[in-house]
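Dropping the structures in below, format is structure tokens.
In the two complexes below, chain A is the common chain; its partner is chain B in one and chain C in the other.
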Partner chain A sequence: MAAPLVLVVLVAVTIRAALYRSSLAAFISERVEVSSPLNAWKRVVEGLALLDLGVSPYAGAVFHETPLIIYLFHFLIEYAEMVFMITDVLTAVALYLAIQDFNKVVFKKQKLLIELDKYAPDVAELIQTPMEMHYTPLKVALFYLLNPYTVMSCVAKSTCAINNTVIAFFILATIKGSAFLSAVFLALATYQSLYPLTLFAPALLYLLQRQFIPVKLKSKGFWLYTMQYAALYLCSLVVIICLSFFLLNSWDFIPAVYGFILSVPDLTPNIGLFWYFFAEMFEHFSLFFVCVFQINVFFYTIPLAIKLKEHPVFFLFVQIAIISVFKSYPTVGDIALYMAFLPVWSHLYRFLRNIFIPSCVLIVCSILFPVLWHLWIYAGSANSNFYYAITLTFNVGQIQLISDYFYAFLRREYYLSHGLHLTRQDGTEAMLVLK
Partner chain B sequence: AGGMAAAAELVLLVLLAAAGPGLGQARPDALREELLLSPLPAGDMAATFQFRTRWDADLQRGAVSHYRLFPKALGRLVAALGVRELHLALTQGFWRTRTWGQPPLQAPAGAELWVWFQPTVTDIDKAWKELSNILSGIFCASLNFIDSTNTVTPTASFKPLGLGNGTDHHLLRYAVLPREVVCTENLTPWKKLLPCGSKAGLAVLLKAERLFHSSYHSQAVHIRPICRDASCLAVSWELRQTLTVVFDSFAGGQGKKDWSLFRMFSRTLTDACPLASQSKVYVDISPKNKEKELLEVTPPPASLHEAVVQGEKRTYAVYDLLSNSLFNTSRSLNVQLKWTRPQDSSELPTPVLHAHRYVSGYGLQTGEISTLIYNTHPYRAFPVILLETVPWYLRLYVHTLTIITKGKENKPSYIHYQPAQDRRRPHLLEMLIQLPANSITKITIQFERALLKWTEYPPDPNHGFYVGSSVLSALVPSIIAMKEVDMEQSPLFTSLFPSSDGSSYFVRLYTEPLLVNLPTPDFSMPYNVICLTCTVVAMCYGSFYNLLTRTFHVEEPSRGGLAKRLANIIRKLRGVPPL
Partner chain C sequence: FQEQAEQFFRSGHTNNWAVLVCTSRFWFNYRHVANTLSVYRSVKRLGIPDSHIVLMLADDMACNPRNPKPATVFSHKNMELNVYGDDVEVDYRSYEVTVENFLRVLTGRIPPSTPRSKRLLSDDRSNILIYMTGHGGNGFLKFQDSEEITDVELADAFEQMWQKRRYNELLFIIDTCQGASMYERFYSPNIMALASSQVGEDSLSHQPDLGIGVHLMDRYTFYVLEFLEEIHPASQTNMNDLFQVCPKSLCVSTPGHRTDLFQRDPQDVLITDFFGSVRKVEITSETVSLESGLAGFESKLPKDELATEPLKYAEQLPVAQIIHQKPKQKDWHPPGGFILGLWALIIMVFFKTYGIKHMKHIF
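Let's look at the complex of A and B:
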């Protein structure tokens, strides 16, 4: 399996190198869908230039990266293109290895449930076989590396790629079962962009499952493990933040990075829902709606944890998708990460109710984004409402996609335990409804 | 009768004694007024009025209650807020340095206020806010719009023009309002501060309908402490009110470039201000053509004055309004100049230092500010300090700053950059750049345009946003050596800036203000946007709520709803089998 992966990596690196040398690189770097005020490369260079001038990069309102990025690029600024290509490759390889391990876990669990007779007798066609799952890790790596969103993100040198790498390593560490590494990478991911905090719940559930600790609120073992994991996570986070303090000997980075993410002062248009909402907000309600929008990202975690506690990896997928849609400054790089997981759920295809419409919506909106931006900003013949409408449609498409996969997953679980051919009490074929 | 006479004498003596200090001793304050008329190279006419009140009192220390010539409003302001120097200028129009030559005192378009505070002031920002509000009331200008988003603290550009020991630049505040419009309602309170008002002296010429019908109009107030005498043991306060106006002679004069006071101001001078100790009119009659002939003015001047001003030797015709001989022949003074020979328009002398600034780029996302600085001196290089204040919503990227002279990169020897903070303070960029002789230096910096909240746009958002003029301060080397000026003896227009040595003169230039468009949201949409965005969020919430709280069930056969039963009844009536 290594050879096809190497081939995919080579193709991906070639495409990126070719695009770096072409004139499209400058055009893609300027696109607001690809680079946001949080992760634009222009701002990283500006922050380093300010540091050279003797001014703190956080003194202005231009630089919102963590000190880790300053540390990293202070030495690697000359090799920036290489760094971003390597991060993409690392993400793909990490996802590949993670899904390989995940497949083994899925098989083991299936075998256990079949032996325990938990499955209904006629669901043989629903059970996943090693044959059909052999190529899933490669497909995941392919989906990530050759996704146009990822390629554009890499060519624009958006630091979203680095965030994706950290999250991918976190997923790999979690699936391998190493609580320490998982906590360290999760702390790093939270430090980078704050929202991966919500991935604590799926990681905890997965590790508990792996240790065969039942998730019961009264169980002492559960609380002990949770406390251990939480302690590891919090300690790593504190250590990383203290290390960042020592870079510039000031806590300025906390309001500049986390205050910025949470309070959304910069209204540069992007593919998310926040910018136009806060541009047209009545000043009186500004604080209220900022709180509502931020809570919206975090509050799906507990209900999803309760519903999907047996399936933490799917929970992880849904959580990453929710973060990508509702975070304050989303970019297409964030979308590429959860889209890389779609091959893992390809067995759900038969239960997806309307996959055609969200896919078309996403493709058409991706094409319309630059067109309507040009019409608003350069041609002057459209106004901001056009771009805003495409933003809304794009997000509706994404939401439909995620909820469709969620529906299909739940439906398959129902069939697995109740049988594929459902009959009513009088023997006729039954319909399944969500009540 | 004898007793009555003695009592009357006593009363007279008492009165004289009371009035004695006023009559006998030298007065502590003095007013000098001056008008300088200079024909500009391009045929326009510049008139600079200066009214200088000098007051030998210590405004900071004492409880001064008796104000005579010094206006009470400004005196109380200086005393109460601990102001050391105050410079306020309200300008309409732009001084075209390239065609008009070096300005005697330039101000940027709009309103400019810069103030040095005393070291004893504890909260400078609070004092600054109070000061701008009080000045806004005194001059009927919207100076109350000066707040932290357009105030900066320059470190090198604005040194004190008066006395001062210690120059901690944290005591300095500078703000410019480029959008400010100057009109009659600003001129009237300015005229009211003059000791004679606009009733006598040179101020009778200041009529609004002529002054605002001009290419450039700038009125300023400068307050600064100066040495009381040569030993400089005590401090006096000097208030200068200057008004510069440039008339386009072609517009008024039916195509002829002849000018006269009456044609410019529609008034003539009749007398001097009785409170003034000096009241003079200077006309620049330096030769403009190759034969070095002095220009002819009528009536013939009583005396001529020669001075080296801004590196050039100039001759001035002097009319002293306080001399008895001036108004002997006619009751009014109407200075006139008729051009005897056509002026050589091809020989426009270029000033040694001039600059030009513009914004380039297309679209509403990014742009670039370019400043071109010209040094036309044939063999001398000199440094210039450039101060740029850019509002926060044009996000400057200092890594894109390039300075190119004669095709090569020119590194500034001093650079001070303070980045902006959103909605709190603007960008401040100060650089010391060496200008080689006979060169053009181009400074470019790129910026990104921000999208603001809909309430932050001004009433006409598509008009654009103004970026204030940038300031160039330089000591320009002069070709002719200049003597040190004595503040009291020399004309007012030569003693504006303190001269450090005879080989160079201080020049402060301002570039053009810029007008930049920002992308705008649709202002009619707040409610719609809230509804639509919340709908999308609710769609997600709704889908997830359904999937999280509901479970799958096998559908139980229902007996059919109301619609089905009604349909069956109709079918039975028709004779068709039921559903």
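Let's look at the complex of A and C:
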């Protein structure tokens, strides 16, 4: 399997290199859908230039990256294009290895459940076979590398790619079962953009499953392991933050990074839901609504954890998708990460009810974004409502996609344990609905 | 002999200026333009040259499409006197007649690009005549239907002029409704003021001309003009006579005047001290030798300042240096403690994950 992967990597790198040399690079890096105030490359360069002039890069609300990014790019700024291509490749390779391991885990679990007779007799066609899952890791790498969103994000040199790499390594470490590495990478991801905090729950659930510790609230083993993992995570987070203090000898980066993410002061339009609301809100309501919007991101973790505690990797997928929809400054790079996982659930295809509409919505909205931006900003014949409508539609499309997959996943699980032909008590055919 | 000396010291001015302002525009305010132009004509006739007159008019009468006699502005109903003439020099015309420009002219705070004709270049030996006409009220004067100047602003402007030594004596004449309110706030010395009506009274216009269709002049200025027509550069008429011009029987309003700020007795003030430009000429037969006081100056110039070579044009900017500039060396480096700590952590994580004994599999 290495050879096809290498081929895919080569093709991806060629596309990116070609785009870097073309005139589209400047155009793409200016797009607000691709670069947000948090991860724009222009701001990284600006921050490093300020540092060379002897001023703290966090003075003035230009630079919102973490000190580790300063350290990384201080030496690598001339090779920025190579760095971003390498990060994309690393992400793809990490996802490839992670999904390879995940397949093995799925097989083991399936085998166990078959031997335990947990499956209904007529669900043979639903069980995943090695033949059909052989190419899934390659497809995942392909989906990530050749996704136009990823390519645009790489060409724009948005540091979202670095965040994706860290999350991909976190997923790899989690699936391999190493709690320590998983905690370290999760701490790095949280340190960079705060929202991967919610990925703590699926990682914990997966590791518990792997250690065969049942998730019971009264069980001592459960709490012991949870405490261990949480301690590892928090300690690494604290260590990384304290280490960042020593880079510039100041705590300036905390309000500049986390304060900025949480309080959303910059209302440049992007593909998220925050900017329009807060642009037209009165001052004395804005604190309340900022809290409401931020809680919205973290809110789905507990209910999903309860529902999907047997399927933590799917929970991870849904959680990453929710982060990329509801975070304060989303970009298409975040979307590319969870879309890379879609081949893993390709066996759910027969249960997806309305895959056509969300895909059309996503494609059409992606095309309409630059069109309506041009009409609004340059032609002056539209206004922000047009752009926000497309943003809303795009996010609704994403949510429909996720909930469709969620429904299909749960439906398959139900069929697995209750048989394919469901009947009601009086013998007529029954239909599953998601309430 | 004493009378001769007295006459010599009668007035301390050496030059005369006039600032004549008409603050109205539009055809039905014909009379205000005619007022101002009449005073302008008298003042020019009595000797003040155009270079010493700042004339501010909306200047939309002579060429107004409603003017049946184009290029003329008449001051008398029988069209006896065309005050527009051939040699009218309007310094501030049309929309340039604003409160800001008027105050800038008075105080001298003018942008450097203003031409000489638009400046009041008076000094501390200047006698200035300021004539204003238009629509006014209690304490204000309306400028061009869009802004007002208040009596306080005017008083402050005159105080600025006094502090900057921009006048020796000032005669302020105003012909508007409730005109006396405009001079009540003056507090600077050497100002004499006349107004056409008291507070609460309206100044009325003199006579309409049925051929032109508007009132041609205001009463007060009409009678002042009549009075001035009899003045010539050598006349000895004094201010007291000017105060008697236009009694209530002729003007319907009561003209007022204010002399308390003026140091000389109005009886000693000639009309030509303000309306004319009478130069004091002293004929002498002695020769006067001017000492050259400039001899010591040249030696004081420091010699070393002239020693440097002047730059040639092409050498002023070191372009060659700029083009071939190397990229700036980075001045900031991360502190050593940070690098050490970071790599120590990375190595710790690495060994924790893989164990030291697996090192040989990796390398």
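Definition applied: the second predicted complex is superposed on the first by the 431 of 435 C-alpha atoms of A that agree within 3 Å, B and C clash if a C-alpha of one lies under 4 Å from a C-alpha of the other, contacts with A are read in each partner's own complex, and residues count from 1 in each chain.
The definition used in the following text is that a residue touches a chain if its C-beta (ideal position, glycine included) is under 8 Å from a C-beta of that chain, and two chains touch if they have at least 3 such contacts.
This structure is a prediction, so every number in the text was calculated from the model and none was measured.
Mind checking the superposed model to see whether chain B and chain C fit together on chain A or clash?
They clash.
Determine, under the contact definition given at the top, whether A:51 touches first (chain B), second (chain C), both, or neither.
The second partner, chain C, only.
State whether A:74 touches chain B only (first), chain C only (second), both chains, or neither.
second
Classify the contacts of A:62 with the two partner chains as first (chain B alone), second (chain C alone), both, or neither.
The first partner, chain B, only.
Could you look at A:243 and tell me whether it touches chain B, chain C, both or neither (first, second, both, neither)?
A:243 sits against chain C, while chain B stays out of touch.
Looking at chain A, which partner touches more of its residues: chain C or chain B?
Comparing chain B with chain C, the partner touching more chain A residues is B.
So, A:96: does it touch chain B (first), chain C (second), both, or neither?
neither
Could you look at A:180 and tell me whether it touches chain B, chain C, both or neither (first, second, both, neither)?
After superposing on A, A:180 lies in contact with chain C but is clear of chain B.
After the overlay on chain A, which stretch of chain B ends up in the same space as chain C: 6-14, 222-230, 240-248 or 528-536?
240-248
Which chain A residues lie in the overlap of the chain B contact set and the chain C contact set?
53
Contact residues on chain B for chain A in the complex?
These residues of chain B touch chain A: 362-366, 392, 395, 397-399, 415, 417-423, 450-455, 519-522, 525-526, 529-530, 532-533, 536-537, 539-541, 543-544, 546-548, 550-557.
Per the contact definition, I'd like the list of chain A residues that touch chain C in the complex.
Those residues of chain A that touch chain C are 51-54, 68, 70-71, 74, 178, 180-181, 184, 239, 243, 246-247, 249.
In the complex formed with chain A, which residues of chain C make contact?
It is residues 328, 330-335, 337-339, 341-342, 345, 349, 352-353 of chain C that touch chain A.
Going by the contact rule set out above, which residues of chain A touch chain B in the complex?
The contact residues of chain A facing chain B are 30, 42, 45-46, 48-50, 53, 55, 59-62, 265-269, 273, 275-283, 293, 296, 300, 303-304, 306-307, 322, 325-326, 376-378, 380, 383-385, 388, 392, 395-396, 399-400, 403, 406-407, 410-411, 414, 422, 424-426, 430-435.
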